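Next, two complexes with chain A in common: one pairs it with chain B, the other with chain C.
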Partner chain A sequence: MIDPITIIDPITIILITLGGVLIGLGVHFIPVGGAPAAMAQATGVGTGTVQLAAGAGLTGLISAGFMYNNLAIDGIFTSVDYITVVASGAIGSMIMISVTMFVGQLIYVYGVGVPPVSAKVKKDPITGDVQDLYVSRGTEGHGVPTVSFVSGTIGGLLGGLGGSMIYVQLMEIVGDPSNMAVVALAGIFATGVFYVNAVLASYNIGGTIEGFHDPKFKRVPKAIISCLIASLICAIIAVPIMGGVV
Partner chain B sequence: MSTAAGGPAGGGLNPNQVIILGAVGGLAGIYLTMLNQAMDTTIFSFLGGIGAIFAAVWGADAVRRVCSYGLGTGVPSIGMVALGMGVVATMFGLTLPKVIGIPIIAGPIISFIVAAIIGLLIGLMSNKILMMNIPIMEKSMVEIAGAGALVMIGLSTAIAGSFDIVAIMPAVVETGFIALVFIGGAMTILHPFNACLGPDEKQDRTLGVAVSKGALIMALVGFASLAVESMDAMSGALTTIVGLVIWVVYFKKFMKNTHRDSYLVTGTGLLPSEEELE
Partner chain C sequence: MVDPIVMDLGIVALTGALATIAGAAEDLESDVGSQSNPNSQVQLAAQMNFPHRIFNKAISGEPPAYGLWCASGATVASVLMAKEMSIFFAIAIGSFVAAIILGLFSVTAHMGRTASQKRFKQPVYMDMVLGHVPSIMAHGYIAIFCIVAFSYIMNHFMGHPFPLPLLAFLWGIAAGAIGSSTGDVHYGAEREFQNQPFGCGLNAAFSGNIVRKGEAGLRNGIDNVWACAKFGGPLTGLALGMTVFLDNWRTTVFEGMNTIIAGLIIVLILILANRMVEVKARKAYGPYKDEDGVEIA
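Right, the complex of A and B next:
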């Protein structure tokens, strides 16, 4: 029997909560078009927030887990290692979301035959290209314009960072990367917390968002509060279990 | 009336009947696997899968009630959040008895209650902070999270033969089958309404899909339990066979209900060739 109080470490809980908030924030950057975008009638990639965020986030988790198990297997885990692991997670996520947006873009441009254009701004804030002239009548933009692509990559960065922070913190509670049970439990917990935050953020967005230039992006503070509360609860629950199973 | 974005969903069974069916059936299935320990066998593990099917029906009904208000993000999101909450609550509930030294029989109940509490908080935040303004959001989130936790415990128990964390850790978590339970369990809850939604959505058809989906996952976890050392091969095979039988029965029923609810089912023949069109 283990005293549960001794294994609840406030720093770990704070960092897991921060990871959850980063995921919630990251989701707002990803250009999600939902069902309308699948018919090239809205800007963004044609699938739901959760699917996009989870695809990128889970890839980030895998790349972070790979790096963690390489670096921590010798029993020493320094802060440089920590940064390497979360960077690996962030880059994994960024690659995944960029590939998704790029391949989607190829289909929109060469398959559907629409120019990538945003309907929310008159000029692309990054390139300065005129947008409104190219929006097909009756649609809310189509494809993934430059600003959305950049925004999506930032979203992947934040999501991957958050997801890998949760994973590393959970692993560090036990500090034994050779124990399969710990790896699996930390992985599935990180996935669970990831989904809760991604869904809360997507409820805040309400379906579709183009990126940080979208007016809906102003709703971010509400999602941050919700994700903070939800991740805090998940962290308080998860930390004692990770300490308790081994 | 139950369109994709309309008012409350109706149907043959009222919500309270489904809640009782899901919660009682789910917990009963999970607790009946204790016959394994009582009789020193693993043959009763399939009852965990049956419990999971009951819980999946409940979860799917809660999803159809809340999603008929229109979430704006698609139905799958709510199923994923259910199992996201479910996995955290399940592991907490099943581990807690070991950590604080109380009987393991309390595990599933603790998981269920913790899931309900997380669900309530997420429901409250969705309505009060994110302003989703869905009248039944809090209640539905409690139900979906509770059902999600029961589905997870049921399927894990079917693999490991017991809901004791000492058995679950090596059989379900260490082997990685927890990922199968996670995504498979989410599918049983989110898929039925996602597949059947629309103006002609009927409760019995949707819940029939939940049963057949749950049975299919049950058949898969039967295969998974073949890889677990503490389980004998007969128990895993029995779980798979029971799952497949239920699946065949309910899939046939689903086909029948689909034909019943559709306006017209007709064979269109092959596409006309170019000469015939001229």
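Right, the complex of A and C next:
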């Protein structure tokens, strides 16, 4: 008979919930301008919040899955291994978002001919560059200024970290990295929890955000509470299902 | 005897090359069919009394759409491989099936969207459906084939634990996110609005006023992909290729915590490169207003 404590392990549920909250928090850091940014009408990357956050976070999940398999396949998974796996997920996510923002920047600068600029602050908090004079008429800024770029990498870090934590916790319930069914189930659950939190955060953002310097960033506490509740529900459902695979 | 690390790096380079082709094809497919964020202007054009001949299909955001196509292709390929079909043909047939699904969704999305604009007198051009859908499917096929192929390489040769359909699904989402974030800006901010001065963002007052006349005749989605293939498409390919290559490279060359340090260095280099581009752009283009807030450009 399976021990119920094993199936509904509170520490696992707490860590999965924490992973979900990190994802929700990370989404707020990612500079997305939505459809207006695709027309260089708003600062940030020209796509939706969920789309970019999910793209980055799930790239991190691929990295974390690869690293977890390398480290846990021998049956011993230490705390150092845990840190290495979640850090690898965070770095994978950061690489994806940094490359995307950088290439997007090249298109804004060389394809559209606009300088990167924020419309939410008069001076870039990191470089000190004047911003308002570089905003073209009828727009809310364009491109990815340094402050948004740095914010985006932090968002990638948090998103990748959260997604990887969820994946590792789910994998650790069964502890059999060679079982493809378990890997697939953990991977798809982590993806699902990622989307739940990214969508919730995107409702809070309401379309566009430039990064941590944007006034909308002050709405973060509301997102944390909602993501906490949503992730907790997801964890309560996911953990017994994974436990049932044993 | 070839050193194993050389062989591993060759495999990593191959995944990067496939991802580069996939990224470019993914972006160009979304330009022919006008998907993702710039399509908001195509949709708006008819409502602003600018009827047009641009293909209008926003099936969904590009990431979920490509997640679906790639997962479908990889699932069919996995089944065929399980039945001992050759890997190349299994992936080719899987991608073909996914391209057919993409074609079906394109037709329904385009006709549904355009028919709903009857009140704005936007016609449904049947010749556009016949002319654009094969091109959409062809670009989609290349993208799906390459994504499923490099997912297979990661799964089979590099030892990634995720099953092929899940891996292709995740890379499909990443490819869609990159395509929608990079190449689509070239289509949305430049190609759709070549009637506006170069070197500024789209003034909100001109929303919906997309270019409707082409180099010859009326402009359509195939004219758009012709222009975007010169810049937006290749750069999207570069972005996906760099993402796949750099992420695989650091985990192949280094081990343990060194993979993290290598990744952090890559991110720092990108932050610095972005700053250099920013400074260069500010110097080259200058401000739009003087210090008193008076417009000078």
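Annotations
The rule we apply is simple: the second predicted complex is superposed on the first by the 240 of 246 C-alpha atoms of A that agree within 3 Å, B and C clash if a C-alpha of one lies under 4 Å from a C-alpha of the other, contacts with A are read in each partner's own complex, and residues count from 1 in each chain.
The rule is short, and it goes like this: contacts are C-beta pairs under 8 Å (C-beta built on N, C-alpha and C of every residue); 3 or more make two chains touch, one makes a residue touch a chain.
Here the structure is a predicted model, which means the values were calculated and not measured.
Placing chain B and chain C on a common chain A by superposition gives a clash between them. Touch criterion met: A:34 reaches chain B and chain C at once. By the document's definition of touching, neither partner reaches A:215: not chain B, not chain C. In the superposition on chain A, A:48 makes contact with both chain B and chain C. When the two structures are aligned on the shared chain, A:188 is found in touch with chain B and with chain C. In the superposed model, A:226 makes contact with chain B only, not with chain C. When chain B and chain C are set side by side, the one touching more residues of chain A is C.
Shared-chain residue A:240: touches chain B; no touch with chain C. When the two complexes are overlaid on their common chain A, residue A:202 makes contact with chain B while staying clear of chain C.
Judged by the touch definition given at the top, the superposed model places A:175 against neither chain B nor chain C.
When the shared chain is aligned, chain C comes close enough to touch A:135, but chain B does not.
Comparing the two complexes, residues 34-35, 48, 50-51, 54, 180, 184, 187-188, 191 of chain A contact chain B in one case and chain C in the other. Residue ranges of chain B in contact with chain A, taken from their complex: 71-74, 76-78, 80-81, 83-89, 91-92, 95-96, 98-101, 114, 118, 121-122, 125-126, 129-132, 165, 169-170, 173-176, 178-179, 182.
Residue ranges on chain A touching chain B, taken from their complex, read 1-2, 4, 34-35, 48-51, 54, 180-181, 184-185, 187-189, 191-196, 198-200, 202-207, 222-223, 225-226, 229-230, 233-234, 237-238, 240-241, 244-245. Contacts from chain A toward chain C in the complex involve residues 34-41, 45-48, 50-52, 54-56, 58-59, 61-63, 65-70, 84, 87-88, 91-92, 94-96, 98-116, 127, 129-130, 132-139, 141-146, 149-150, 153, 177, 180, 183-184, 187-188, 191. Residues 36-38, 40-41, 61-63, 154, 158-163, 166-167, 169-171, 173-174, 176-178, 180-190, 192-193, 198-207, 231-232, 235-236, 238-239, 242-243, 246-247, 250-251, 256-257, 259-260, 263-264, 266-267, 270-271, 273-275, 277-278, 280-282, 285, 287-291, 293, 295 of chain C are the ones touching chain A in the complex.
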